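Please find one structure pasted underneath; my questions will follow.
Chain lettering (A, B and C) follows the sequence in which the chains are written, and residue indices restart at 1 in each chain.
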Amino acid sequence: MKKSFFGVCGVLLLVVAIFSTVSAANVQVRISGWGGSDQAIIEEMLRLYVNPTMEKEGITVLYEPIADDFQRYIVNALSAKTAPDLFYMDIFWAQSLIQAGQVEPLDNYLAKSKILKKEDFIPSLVDAFSAQRKVYGIPKDFNTLALFYNKDLFDLAGVAYPDENDTWNTLATKLEQVSSLDGVYGLALQPEYARMGQFAYAAGFQTFDQNGKSNLSHPGFRAALEWYTSLAKSRAGIMPADLGQGWGGGAFGTEEVAACIEGAWVIGHLKDQAPNLNYGTTFMPKAPSTGERGNFIFCVAWGMNKNARNKQAAFKVLEQLTSPEVQQWILERGLALPSRVALTDNPYFKQNNREAYANYIVFKGASEGIVEPYSFGEYGGRWMSPIDEVLRAIMSGESTVEEGLREAQFRLDQEMQR
Amino acid sequence: MKTRKQGKEIVLTGKAAVEIQLKRHRWYRVGSIYLVLLLFSFLFIGPFFFGLISSLKDNPLEWPPKLSVNQLKPANWIAAYKLGKAGSGQGFFGEFAPGAVVPFTVTYQVPAGQEPIPPQVVVSKRVPGTAGAALLIEHYAADYARVSTVEEVNREILVDQSIRVTYHFTIHHTGNVVCDRLPVDLTVPFGQQFIKATIDPNRPHERLGRVQSWNNLTSGTIPYIFYNYHRVFSENYSRTTGKQLFSSWIWNSFVICVARVLTTIVFASMAGFALARLQFRGKNTIFLLMLFSMMIPAQVTFISNYLVLRDGVFGLSKLFGVDTLLNSYSGLIVSGLVSASAVFIMKQFFEGLSPSLDEAARIDGASTYQIYFWIFLPLAKPAIGALTILTFQGVWNEFFWPLVVFTSPQDRYTLTIGLLSFRRMYGVAFDWGPILAGSVISALPLIVLFVVFQRYFVEGISFTGIKG
Amino acid sequence: MRSIKEKIAPYVLLSPYLFMLIVFFGYAFIRCLYFSFTDYDLFSPPQWVGLKNYLNLFRDFQFGLALKNSLQFAVIVTGFQTIFALILAVVLNQKIKGIRFFRAAYYMPSITSSAVVTLIFMWLFQKRGLINYLLTLVKTGYPIILTFCVFTLLIQAFFIFIEKLKERPVSFFEPSFLFLSVMLSLMVTLILVKTATVTLAEGLAPIETVWLNSKKRWPNSGVLGISYPLGSIMVLNIWTTAPTFMLLYLAGLQDIPKELYEAAAVDGATKFKTFWYVVRPQLRNITFLVVTMGFISTLQMFDQVAIIGDQAPLDAVITLAYYVYINAFPSSVSPKIGMASAAAVFLGILTLLIVLLQKKAVKS
C-alpha cells in the first residue's frame, strides 16, 4: 500500500516537474500600442509572422492595445510598475520618457543581433529616438507631409499640376488660378503649426535655437507665417472649418478645395469617403529664400521598458516586430509606411496607381530637404498652441500678422516658463 | 333657462349662454395648450430625432441638412431587397454569390447638342480605409465579377432639346466564392448628368459629377438602411479575442450597472435606516460629513482615489491575487459602492415613515437588524424602485471616473468611454456616421427603460429633495 | 440596557458607507490637501514645496481663464436652468389628458449621457450644421413670418370687433378666437407662399457663425464677454439639466394646497400675481435645493470640454475641473499632481463659498 502510494506521488512529482520546466521555458513578453487601425495591423502581423517564429523559441507574445490616450496610459503604467515590456513611443513625447530613465538603451542588443541593425533604418528616424549617442527606440513606421491635389479641378481650370519644382510663389499662382472655378478654393489651410511649420523649417527656422529658446521673429518663421496666411486672403486658400470640415483631408474629399497638405493617412480616408477622387501627389514647395523644402516626421518607435523582466526575450520579439518580412507585408498591404531604408526600391512603390505613388512621395519625404521630427521637447503640444491660435486669428481676419507674431511670442514665452 | 323664439333664430340667454361660452372657451384653451406643448416637444426631442435621421445618412455632414434620406425611401428598400435577392437569393441580408446575375438600370441626361455616351461600369476593388475593415475582407467581388455590355433601353427628348437616356446592364458572378459586397462605379463624360438608377447611389457626385458610386449593390434591405450601424459592429473587431468591441462595451456597462445598483440598494438602505431611525454617537457628525462630501467636487478626490485603486486599496487586493484595481470591473465597482446621494434619499424616505413603527417592534423584543430587514426594508419598495432607476441612469452615463480608471484593454471599456474612443478613431477623419450611430445605440436602453418605468423616475427625483 | 450587539448595530449597518466616506472621501480630501503643497510626478516620491503651487496657480494665465470661464458658466447656466425649470413645471402642471406623455418627452434630454448629447450637439453646432441652417431660414424667411403675424392680428381684431359690437365682454387674447385666427392666418400665408406672392428674402447672406472653433466673445472681449464655444456648451447644459429640475418643481407644485389658490382667486388676483405672491414662496425650499445643486454641478463641468476636445480652442472652454485634469495627466510631460491638487482645493473652496453665500442670501 505504501509503496504504490509513494509511487504515485513520485510519478506526480515527476509530471509536475516536467510541466513546470516546460512552462518555465515559456516566457511571456507583453507589448502594447494604440488601438484603432493600428490594432488590426499588429494583431494580424502577430498572427502571420511573429507568433509562429516566437513559439519555436518558447516565447509567447501578449498584445494589449490601448484605445484612448496612450501616453497617459504608459506614464501611469510605468509609475505603477505595470508597464509592458515593449511599447510604442511617439516621437512627440519619446524624449521625455527617455530623459526620465524609463527606457532601455538598445545599442548592446543591436550590436549582437543578426537581424536588427541600426543602419537598416532611415537615419532621421533613428536619430529622433536617440539621446547621448544611444539608441532607445527602433522606428516602426512613419509619416511625412505631402501636397495632394485634385487633378480634375486643375484640368477644368486649365492650370498645370503642382510639381516638385514649385516654389511658394509658383504654387500660390497655381492655387490662385484654380480657385477661379465656381465653388472651389485653392488649398485647405489647417490653422495648425503641424501643417505650417514645415514651411518655416524650409526657410531656415529652428524650433529651439542654441540657447534653447524659440525665436519667432526669425525671418524664416515670419516668411512662412506671412505666406501661409496670405493664401487665405483670396480664394487661394481657406480654413477647413469655414467649409464645415474638421481637417484638410475632409475638405479635399468633398472636392471643395483643389489641394491639401496631409500625410499618408488621408489615403485611407479617401478610400472610404471618395474612392474615385482623381488625385495626384507631390513634394512640399521650395522656399524662395533657401531653395529648400521642409517637412515634419511623424514617427512611432518600439521602446523597451527599463524594468522589463526578460530583456533578452523582449529584444527577440522586437527583432521580429521590425523584421524585413513584416515591414514588407505592411508596405504591400498599403497599411503604413515602414522604416527600413531597403524598402525605397520595393516594387510596391513602382505600381502605376495614385495610391502607391502617394505613398512613395510621403516615404521619400523623410529624406528630402530640411526634415524635422514632430516633437517639441518637454513642452509637447503646449508649444504649438499659441501659434495655432494666432494662425486661426489671422486667417479669420481677427488679427494682423504683426499683432499675431507678438501675441504668439508673448504666449509662447509664458508657456515655456511655466 | 329661457328661450325666446325670434323669427328663425333661437337665442339662448342667461346661464345657458354663459355655460356654452365657457365650454367653448375651455375647449379652445385646451387645444392651444396642446399645440404649444407639442411645439415645445420638438425643442426637446428634436436633436435626438435629427441625430437619429443623420445616423442613417451616407454623409451626415451634407449641406444644407435635409430630412429626406435615401435610406428612408421605401422605393430604395424595395430596390435593395430585389438586388439582394438577385445577388444571393436573400433579400434582407444579401451577398454576391456564385451564379448571381444582378440587373441594373440607370438614367442620364445631356444638354442639347451633346451626344449621350453609355456609362463605363466598373466593379471596383475597393479596399476600406481603416485597416480593421480592410483586413476583414477575404474575397473581392472585383476578381469574380463580369459586367455585360451596357445597352440603351430608352431615349427621350425633352422640351428644351436635352436628351434623357436610360441604360441597362447586368453583373455576373463568374467565380465560386461568396463575396460580402459588390461595389460599383459608373463613369460618364463631364456634362452628362445623372438622373436616377435602380437604387440611389451612395455618392452621386464624385469627380465633379462624372462618377456615381455604390458601396454595396447586393447588400439587401437591412444593411442598406443601417449601413453605419453595421459598420459600428463589424469594423470594431478584436482580431485576437474575436470579440466585437461595441457589444463588449454594452455588456460591460450593463454588468457594472447591475452590480453597482445592487450594492447601492443594499448599502444605502442600511445606512439610510441607521441615520434615520437609530440613535448613536457620532450620528450628527457623520451626517454633516456626508453633506460636506456632497458639496466637494469630484476633482478634489479623484487623484487620491486613482492612486488608491492603483495600489489595490492599500494592498488589500493582493489577498485576491490582483496587484492593482485599475482597468478592472472590481475597481470601478469598489470605488462606487454607494454614494452620498443614495444614502440621503433613503434617509429622507425612512424619516418620512411613521415613528411608531419601530417602537412597536422593540416592545416585542426585535433586534435592530430584524427591524431593518423585516419591517423597514419591505416598506421601502417605492424608494428602492426610484433609487434603482436613478442609480442605473447615473452609472450608465458615467464618464469622468471610468475615463480615469480604464485605459486598457479596449474591450473592457464602458459604453461612454467607448464612444469617446470612437470619436478619436472616426473623428480624425470626421466620419460622423458611425459616431452618430454609436450614440443612438448608447441612448436606446435608457430611453426604453425610461418609457417603461417613467413613474419611478419622477418619484425618484422628487425624493431627493422636497423635504430638504 | 442594550447588549453590545445592539450598541454596535448602527455602526455595522453604516460600515459599507463609512468605508466609502472615509477612504474615498475623507482620506482623499486630506491627501489632496497634502499633495497641493508638494511637487509630485507619480514616479518619484512627493517633495514638499509649501505654497509654491498656489502662487504658480495665480500666476498662470490659463488658470485665470479657467476661473473666469467656470464662474461665467456656473452663474449663467444655474440661473437660466432654474428659471426654465420653473416655467416648464408651471406649464406642465395642467390636469389635462396626456400630460404624462409630455412630461416624459420633456425629460428626454436629461436621460442620455453627456457623451451622447455632446456629440449630437457638436454636430448640430457645426458651421454647416442644423442650427445655422435654421437661423438662416428665420433670417431669410422674415417676409413670411411677418405676413403670418400681421394676418393673425388682423383676423383676431376682426373677431374681437364683432364681439364688442354684440356688447359681450371679451379680452383681446380670447383663446377660442386666437386659435381660429391662427389657423386662418396660417392658411392665408400658405396660399400666399404657394402663389409666390410672398417669398423668402433674396440676396441675404446665410448665417454661418462658427460656434465651436472660435475665440470670439459676446458681447465684447472684456471680462464679461462669453466665448462662443462656451456659450454653446451653456445652451447644451441648460437643455440637458432643466428637465431634471423641472420634475423637482413639479413635485413641489403638486404639494401646494388647493386652498391657497382658491384664497387668491377670491381676492381677485390675476394668474401672474397668484404665481408671484402665492406659489413662489411655497417653492422656496426647492429653489434653494435646485440652485445649490446647480452651482455644485456647473462648477464641476468637465465632460463636455473633454469630448469637444480640439474642436474648440482650449482657452475659450477650459474650466477649473478640466484644468485639474490636464495638470494631472498632461499630454506630453510628466504629471503635475501638485498643481492639479492645488487647483482642485481651490475649486472645492470656491464651491463651498458659493453654497454658503447662497444659503445666507436665502435666509435673509
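By definition in this document, contacts are C-beta pairs under 8 Å (C-beta built on N, C-alpha and C of every residue); 3 or more make two chains touch, one makes a residue touch a chain.
Every value quoted in this text rests on a predicted model; they were computed, and no experiment measured them.
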(message) Quick check of your reading of the touch definition: is the inter-chain graph here a line, ring, star, complete or other?
(response) complete
(message) By mean C-alpha position, what chain is farthest away from chain A?
(response) C
(message) I'd like the most central chain, judged by C-alpha centroids against the all-protein C-alpha centroid.
(response) B
(request) Mind checking the centre-to-centre distance between chain A and chain C? Centres are C-alpha means, answer in whole Å. (result) 41
(message) Using mean CA coordinates as chain centres, what's the gap between chain A and chain B in Å?
(response) 34
(request) Could you give the separation in Å between the centres of chain B and chain C, each centre being the mean of its C-alpha atoms? (result) 23
(message) For chain C, give me the residues that contact two or more of the other chains.
(response) 126, 128-129
(message) Quick check on chain A: which residues sit in contact with 2+ other chains?
(response) 69, 72, 76, 244, 246
(request) Specify, in ascending order, the residues of chain B that touch 2 or more different other chains. (result) 61, 63, 403, 420
(message) Looking at the complex, which residues from chain B come into contact with chain C?
(response) 24-25, 27-34, 36-37, 40-41, 44-45, 47-48, 50-51, 54, 60-61, 63-65, 263, 266-268, 270-271, 273-275, 278-280, 283, 286, 289-290, 293-305, 307-308, 313, 335, 337-340, 343, 367-369, 372, 393, 396-400, 403, 415-416, 419-420, 423, 432, 435-436, 439, 442-443, 446-447, 450-451, 454, 457-458, 461-462, 464-466, 468
(request) Quick one: which bits of chain A touch chain C in the complex? Just the residue numbers, please. (result) 69, 71-72, 75-76, 78-79, 92-93, 96, 100, 102, 241-244, 246, 376, 378-382, 385, 388-389, 392-393, 396, 398, 414, 418
(request) Within their complex, state which residues of chain C touch chain A. (result) 42-43, 56, 60-61, 126-129, 208, 210, 213-216, 311, 313-315, 329-335
(message) List the residues on chain C that touch chain B in their complex, please.
(response) 5-7, 9-11, 13-14, 16-21, 23-29, 31-32, 35, 91-92, 94, 96, 98, 100, 102-109, 111-117, 119-121, 123-124, 126, 128-130, 133, 174-176, 178-180, 239, 243-244, 247-248, 250-252, 255, 285-286, 289, 296, 299-300, 302-303, 306-307, 309, 320-321, 324-325, 328, 337, 340-341, 343-345, 347-348, 351-352, 355
(message) Show me the residue ranges of chain A that touch chain B in the complex, using the header's touch definition.
(response) 32, 35-41, 43-44, 46-47, 63-69, 72-73, 76-77, 80, 82, 152-153, 156, 244-247, 249-250, 255, 265, 267-278, 333-335
